[in-house]
Every structure is written in structure tokens, then in C-alpha cells.
Amino acid sequence: MNILSPVRRITSYVCLLAGIVMFVASLYMDITGVKNDARGTLLVVGVLLIIAGLYFFPTLKHHRTIINILFLFPLLFTFAVTVIIPLLLGIYYSFTDWNGIKMTKMVGFENYAKMFNQPAFIWSILLTFLFVVFNMILVNLVGFLLALLCTTKIKGLGFFRASYFLPNLIGGIVLGYIWQFIFANVVTEIFNQPWSWLANSNTAFMAIIIVYIWQYAGYIMLIYITGLTTVPRDVLEASAIDGANAIQTLFKIKIPMIASTITICTFLTLTSAFKQFDVNLALTGGKGSIPDFMGKYLSNGTEMIALNIYTTAINDRSYSLGQAKAVLFFIILATVSIIQVRISNKKEVEM
Amino acid sequence: MKKKLLATLLVGTMVVAMTACSSSDNNGGSAQNNEGGSSDASGSYDEIRLVNGKPEVDTQLQALAAKYKEETGNSIKIESIGGDTSASDALKGYFQAGNMPDIFVSETNQFADWDGYLADLSGEAWCDNTQYEYVDEKMGTIGYPYMVEATAIAYNADVLEAAGVDPASLTSPAAYEEAFATIDSKKDELGLTAVIGYCAEPNNLGWSTGTHIFAQYLDAGLAADDTTYIDLLNDGGKIDEARMTNFAKFIGMFNKYSDPDLLVDGTYDNQVGNFAAGKYAFVTQGSWIGASLTANENYSGFKVGFAPYAFEDGMDTIIAGPSSYWAVYSEGNVEAAKAFLNWCAGDSAQNILVNDAGFISPFDNCKYEPSDPFAASVISYMQAGKTSGWHTFLKKSGLENRTCQVFADYAQKTLDESGFVSTIGQVIADYYAE
Amino acid sequence: MNREPKKSTLAIQFVIAVCIALYILFPFFLVVINSFKYNTAISEDPIGFKGASFEQFISNLDGVVNNDHFKFWNAFGTSAIITVISLVLLAMFGGMAAWVICRNNKKAWANVIYFIFIASMIIPFQVVMLPLISTFRDVGKFINISMLQSIPGIIFAYCGFGGAMTVFILNGFIKGIPFELEEAAYIDGCLPEQVFFRIIFPMLKPVIMTVTILNGMWIWNDFLLPSLMLGLNGEVKTLPVAVQAFVGSYVKDWSMILTAALLAIIPMIVVFLIGQKQIVQGMVDGAIK
């Protein structure tokens, strides 16, 4: 097909012309505030026509550039509107008195000062760190042990792998409610306890960790299995000839050889534990009492940072404060991620 | 060549754009004319929308809309959302999306959020027949009372009679203590699991303790317009310690006599379900459980009523009044909304609202006897003037999420009575200070 | 040499594996068994078969499916539409963008774009969620098409949020496709778009499988984004939002909640049983890359 053919040329001009007309017309309506239901459609059709016009534009020299732009446009555009603009706006709003609908003035670092004066928020941060540490260790440990079990020669491996992975398929909200039921009705029955683990902050925190391991360990296991199967056969055989027992093989050969897998899994558990929200919301809603923290009685004993941000903004309607907390959360997460990647890169080089 | 083309393009664009705009201008103008022409009271209106916060009466309100259409030829679209407070969140979303309904449900403390967007309804015909409309000093009459709800200690009259307890005598803590002890000793013969179904679970039922039961601290025993304790509370989160101590003692009695399976980790359904099945003599909910009572397959048809939260001697009122109102969006179709509300206060609408939806009517001239099992009891309190206000909805929003945890700790005995008083005082003061 | 493990060791390992499997599958069993019971039967015996009947299951199902807050079929349809369209668009737009970035990797702009994509992957959703809603509201007002409480809006958002990871994974794969293939096509007179759609895109099939599975798991189960954009009580609800709305309403009847949970789980399990191998592979590949 000839890119300079007259048909293409005409199509291009017509599309461009019509597209720009529609685009400008709808913009004009928007700015002047004319109410017309077709405005939105006009705008979208206009943009699509401009894109089509550009695509058919009769040029050999620049066709490549046009294609590059057109190919990048959809993703970059959606990405900018959903991530970049809100991120910049969000950082800006955290310095204002924004209430979700409008803002009246800049308040400087007031929101940031405020959140550090909230024992409840500091508690959420500490709790989140505790949760992350527990999970990083426990999920990796359980996942790794499951992987060892699933790389033995027992029968029905396929079934075991699939069933261990199964909880990972279910969304946090749904499994949060399932476990709420289990803790309130089944666990109390089995262990003959007066009331649900979720009623007390300490046991509720344990409960969240248990649910999280239950959900996540199967996924981590899959990655470890992949890692373990890449350990070369002959190395294992050589060690067996040298008389190494199972434990020695594990610590001296398998673990060092899957160092990169461990890095990946640590990273995965770290970030996902930090962002934990769904299970937290559905299981306890952040409730639980802490009798005395920094001299205050807290009623958000199991509320982790992601949920704290949500309740601050949505339930208490303090949007700018919630946004400031979110920015801090972003900084924490970014720092931890960078440090973690640094450390693990270094380790891998050393090995 | 290229430049010429570009110039033509631009000029063409502008011409088309301008014609497009001027034509749409005309459209806008004529539409406005139409609206202006049809604003007399009995006239016909465009369809309006009502957002209802009580999904349990959706069917009845749809019937109401059909009746309205049949009688006046005007249509209204009912949109039911909610449970708990989520209707207000949905409305916020609607507002932000420019999709506001003409009439919407609002609780008292939510009116302030809509400052500047609510139509003043004073002088409407229905105002003369009720004392329950919501009047704001600044915004005027903004809340249309569409029903009356009550909360107090609901009791199973049959069980009380069998146990020899006269509900009318329950107007002092001592009387309650005695009645609870009597019933507790006869639990087995009365077929009860526990004396009272009180649940302090904070995550799902925090609204019950944090808003409704806390309401009794604010209003029990007071006249309907007495705002002493809510004013104190809203003055930086102060509480009256003596009153709170008595209140705490009373709640302590609930903790002692409540069903242990329900108290700490129960659910609303268990609470109401067990009451319906005759397993509790008392339950700490309000008149809204009437519908689920009659719908429950284990409900034997026993009589019910309300007894006051008499945590001090002589407290003999129940909290009754509209717990939420219908408000009119001032940028919506106000005239049509007003016409609908006037119609709603009339006979055929009240017939549906009272007889089908089971509402207790706030209007004096309503001639229908509500079918709701609690209605007779509520109406007798209303007629005797023994009702207190719903001032709990004026507390700082979100407070209930904090205080409900204190009730939970009290129920788990990690706090004792004095601990409850000092902790709840501290929690409230901290929250107001934030 | 290949020492066979001892029989006793194998037996112990097998027993351990079975025990763990029972522990992990137990909650699923509880969900199923209790959705066959009436509420009171659950509180009497939450573990056993007592009180379970098929009629009760049908009545629970009826109560849940037709519940105003849940509306299973609506929610299921909405979730399915959102997930499928988002996945198709992400695969296509992601492939296009990744290819352009990869083939221009000597140029500064491509590297800048790529770096921004990668860096954005550590942004937690919480930091953008509040302004996202206001941005979408403003954009919606501007273009006069509602971006909130609408399916197109949420698909748009998923394209934005899923873009970075999709480009990242696809980019790694495209790097490995020899450039000679494309050059030959150019010499034959192919245009760049033809090269992409006829040669490159079909070759991406395995890696698109991976991103589709990763994105699919995320989008199908995602709660926070749809709950904020659609609202818990909006006309449009995804399945997780519907479950939350259902449970969050006054209804606190475990037989109903567990039946709703069962309904929400089943589609995912069915998909998993059909494409188990690909899903496991996809999840692992996604993590490793």
C-alpha cells in the first residue's frame, strides 16, 4: 500500500480537519459553559479523528515518528492522568486545607506536624513495621518450607502445589470476611475460648498475620520452587558423593544458590505487607484497644498505615491530613525499597 | 502550500465551532424557558429523584412513587442506598460527579456539609401539622420529617409479664437491677438465653454502642429540646462525670446480664434474631428492628415495647423523633420537590408510609395506626410528651468509631466502671482536640 | 548416583503435606458447608454437616443473588467486563509502548519514559487515590462524560495503573527479539505499524499471557480503587465492592455472607482449574522478572 496515495491523503486531511473542528468546538463549549449533552462525545470523537488523521498523514519521512507518538500516546496519557497528575496534586494538597472538593489556603507543614502529634498514627506506623518484619520472616520461612516439601518425591505433588496456592486467588475482602467468621465461630469452638481472637488487639494482630501467611505463602512457595529447580543436578549429586547430609546440602548449597530468589521473595513480601489494606479492613476494620500508648488510650489497635490513611480521609473527612500521611507513606516505602534493593544487589555480587 | 492548508483548517474550525456554539446556546435558553413556565403548585413537573437511605423500605417507596404518578401524573424516581451511614458517602460521590438528586436523605449532623445547597422549606403547608421538622438557625427549615424512629431498651412484654415485671415500673436503676435479677433467676422456665441482648462488638456494630447507646447518655430523661449534654460535648469534648458514672453503672449491668456469646463478638443479626426467637427479655436496639422482627420465622408474635434507659432515678423518656430527614437540593428542581413533599404529608401517601412501610408518622393529622410492633409503645410516649431528642447525631462525626472501642473494653472487663468513665472522657476530649 | 529417599521419609513427608493441605483448604470447606445451612444452624455447629441441606442452600442463594446490595449477576458482569477490556487494552497499549521504548533505547526520551515507568512502580496507591478521584471528577466534568461511577472510567484507571508493570515485563521480552527480523520486514517495504502488528505482537504471546494473568488477578480482586471510584452503593459495582456493600449493610447473617463469599470465589477457582499451568507459570514469571 502506498503511503502517499491520494485516498490516504484525502482521508488524512478530512479526518484532521473534522477532528480539530470537533475538538476546538467542544473546548469552546466547555470554556464558555454552554450546556450541550453532545459535548463529551464530540471531544472524544474529535480526538479519535485527529489520531486517525495523523496516522494517515501522507509523509514518508515522519511516518515513523508519528507511529512512535501514536503508539506511546494511549498508555502515557492514561498513566499521566491516573498516576503522575494525582501524585503531583497529592503532594501539593498535603500542604493545603483541601477537603476533597475544594481548598482555600496553603497551610505549610501543618498537616505533617499534626500527624506526628497523633499517637494513633504513630501507633499505626509502628504496627505496620512490626507486621512487615513478622511477615517478611514468616511468609518466607513458610513459603520456603512448603517449597522444600513440594520438591520432594512424594505423590500428588501437583495437587499439593495447587492447593497451597489456592488462597492467593481470593481477594482480600472476601477472605477477610471468611476468616472473620472462622475466628468468631470456629476457632472459639475448637479452642473453647469465650470470644473471638479479633476482639483483643494482640490476638487480632496475630490473626491478621495468620491470615496473611495463609494467603501469601503459597505464592512465595511457587517462586521458591522455581528457584530450587534451577539448582543444577550435578552440584547436588557431587555433594551427595562427598557425603553431605540433607541439612548440609540445604544450607551449604541450596540456599546460597537461590540467593536471588530469596531477594525477590523478600522484596515481594516486604512491599505487599506494607501496603496491606483489604484484609485489615475486612478482618478487624482497624478496631482494637491499646490502653496506654504515649499516655493515650487508642481505639485503633490493629489499624495499619494504609487503613489509617483511608479512615482519616474517608471516615473522618480530613482529606489533606490523610494526603499528608499518604505522602509520608510513599517516602517510607520508597526509602525501604531503595535500601532493600541496594543491600540485596551487594549481597549477590559478593556471592 | 502547507501553510495555506493550515490557515484554511484553522479558519474552518473556528467558523464551525462558533456556529455549533451559538446553536447550542439557543437550546439552553429554550430549555430554561420550559422550566420557568411550569412552576405553579398543582402543575406538572419533570421527573425528580429521591435518594432514600433505608433500603429495607425500597419496595414501599416504589409503591409510593407509583401512587404519586397515578394521582398527579408527575413522576419521581426512588433510589435506595445505604445501611449505616453510607448513603451520605454515596451522596458526596453524586455531588462530586454532578449527579445530585432533588431530594435526599440527611442526618442532622450532615446538614452542615450541605450548607448553601439546601432549599428552605419554611411556610410549606405540611409544616403546620408536625413538630418534627428540622430547623436550622441559619439555613431555615431544611429537614422534612418522613418518619419517627425511637430507641430505648426494647422489651418482650410477654416474657416480662410471665416473670411478673411491670415495664412501667422501670424508671430507676434500682428497679432495673431488681427486674434483671428476677428474670435472670427464672431464665430456664422463661426459655431465655440471657436477660438482655446487648452487643459491644466495635467493628460491625460500633454504630450501636458509639451512636445509639451513647445517645442515652446525651438525652435520656431530658425534654426533646434540651441540649445540655450535647452542648457540653460539643464544647471541646466535655462530659458530665456524675451522669457518665451513672450511665457506666447501667451499662455495667448490661455487661453482667447480656448473652456472653453476643456481648463481645456478636452480630446484629444474632442480636435481633435471638430477641425475635424469644431468647432475650430485652434488647438494646430501636424501633427499626420491628420489620425484621415480624419477618423472622421464629417470631411468635409476642408483644413488645420500650422502656427508658433509667440510669438515674426518674428517667422516664425514650429517644424518639426523626433520625434522618429528607432535604431538598437547592440547585435541583425545588418546586417539584416541594410539591412531592406536600403530597407525601397527605392521606394517600401516609397510608402507604404508615401501613405498608411501617413508619411511625410525624404528622399530627395522620389517621392511620401503624402496623409496626413497636408503634403503639412509641406513640404512647409521644402523646405523653415523654420523648427526648436525637442529639447524638450532632456529635463530631467519627466520634462513634473511637468511643465504641471503650464500650468493647468495658464488656471484655479490661476496663472497670471508673476506667470506663475516665477513658471515655479522655477519648472524647482527645478526639475533639484533634 | 541417585539415592532414592527412604520409604519412611517419603511417608512422613506425605503426611505432612496432607496435613498442611487440610489446614489450607479448611476455610474453603467451611465456606461451602455453611452456605448449606440456616443461620441458627451455623451458630450451633459451624464445623460439621449438621443442619446442612440443599434446600437451604437454594434459599440462601436466592437471598444473596437477589439482594439489593449484592446483585450477583450485575456485579459479576461488571467485574468481567472491566477485567476483560482492561486486560485487552493493557496488552495492546502496553505492547505498543514497550516496543517503541525498546526500539528507541538509544534515545534520551525513551529512557526517560522508561525510567518514569519503573520508578512509578513503588508509588503506593494510597498516595494517589484521593487526588485521583478529584482529577477524574474534573476530567469527567471537562469532557462531559462521567469518569467516576462508570465502567469506562475505571477501565481508564486500570490502563494507567497497570501500564508501568506491563511495559516493564514486555520490555524485557522484546529486548530478546532479534532486530534482524524487523529489518528484513522493513526492507520488504513494511510500515512500522505493520511490523509491530504482524511480526512482533504475535511473538509476544507467551509474555502477554504472563502480564494478563498478573494484571487479571489484581484487577479481578481489587477493592480499593473500585470502591473509591464507584462508591459502595453506586449503580455499578464490581464483585469485591458488592461483597463489602452486602456485608456492610445491616445484614449480618453468616449463612448469607458465606454464600456470597462462595459466589465470589467460584469464578476465580473455575478459571484456575482451567488454566492452572499458565497461571502458576505467569505468577512466577511475573515475580522473577
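Note that the chains take the letters A, B and C in the order they are written out, and that residue 1 is the start of every chain.
Following the convention adopted for this analysis, a contact is a pair of C-beta atoms (placed from the backbone, for glycine too) under 8 Å apart; a residue touches a chain by one contact, two chains touch by 3 or more.
Computed from a prediction, not measured in an experiment: that's the story for all the values here.
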> Line, ring, star, complete or other: which describes how these chains touch one another?
Replying inline: complete
> What pair of chains has the most C-beta pairs in contact?
Replying inline: A-C
> What is the distance in Å between the mean C-alpha positions of chain A and chain B?
Replying inline: 37
> What is the distance in Å between the mean C-alpha positions of chain A and chain C?
Replying inline: 12
> Which parts of chain B, given as residue numbers and ranges, touch two or more other chains?
Replying inline: 89, 96, 204
> Of all the residues in chain C, which ones touch at least 2 other chains?
Replying inline: 43, 133-134, 254
>> Quick check: what residues of chain A touch more than one other chain, meaning two or more?
In response: 100-101
> chain C touches which residues of chain A in the complex?
Replying inline: 3, 26, 30, 37, 39-41, 43-44, 55, 63-64, 67-68, 71-72, 74-76, 78-87, 89-90, 93, 100-101, 146, 149-150, 152-156, 159-175, 177-179, 181-182, 185-186, 189-190, 214, 218-219, 222-223, 226, 237, 240-241, 261, 264-265, 268, 271, 274-275, 277-278, 281-282, 306, 309-310, 313, 319, 322-323, 326-327, 329-330, 333-334, 337
>> With touch defined as at the start, can you tell me which chain C residues reach chain B in the complex?
In response: 39-40, 43, 68-69, 133-134, 137, 140-141, 146, 148-149, 231-234, 245, 248-254
>> Looking at the complex, which residues from chain B come into contact with chain C?
In response: 55-56, 58, 80-84, 86-87, 89-90, 93, 96-99, 204, 261, 267-270, 273, 277, 298
> Across the complex, what residues on chain A touch chain B?
Replying inline: 13, 16-17, 20-21, 24-25, 28-29, 32, 34-36, 100-101, 114, 118, 184, 188, 194-196, 198-200, 284-285, 287-289, 291, 296-297, 299, 301, 311, 314-317
> What part of chain B is in contact with chain A in the complex they form?
Replying inline: 5, 9, 12-14, 16-18, 20-21, 24-25, 27-28, 89, 92, 95-96, 201-204, 206, 260, 263-265, 397-398, 401-406, 408-409, 412, 414, 423, 426-427, 430, 434
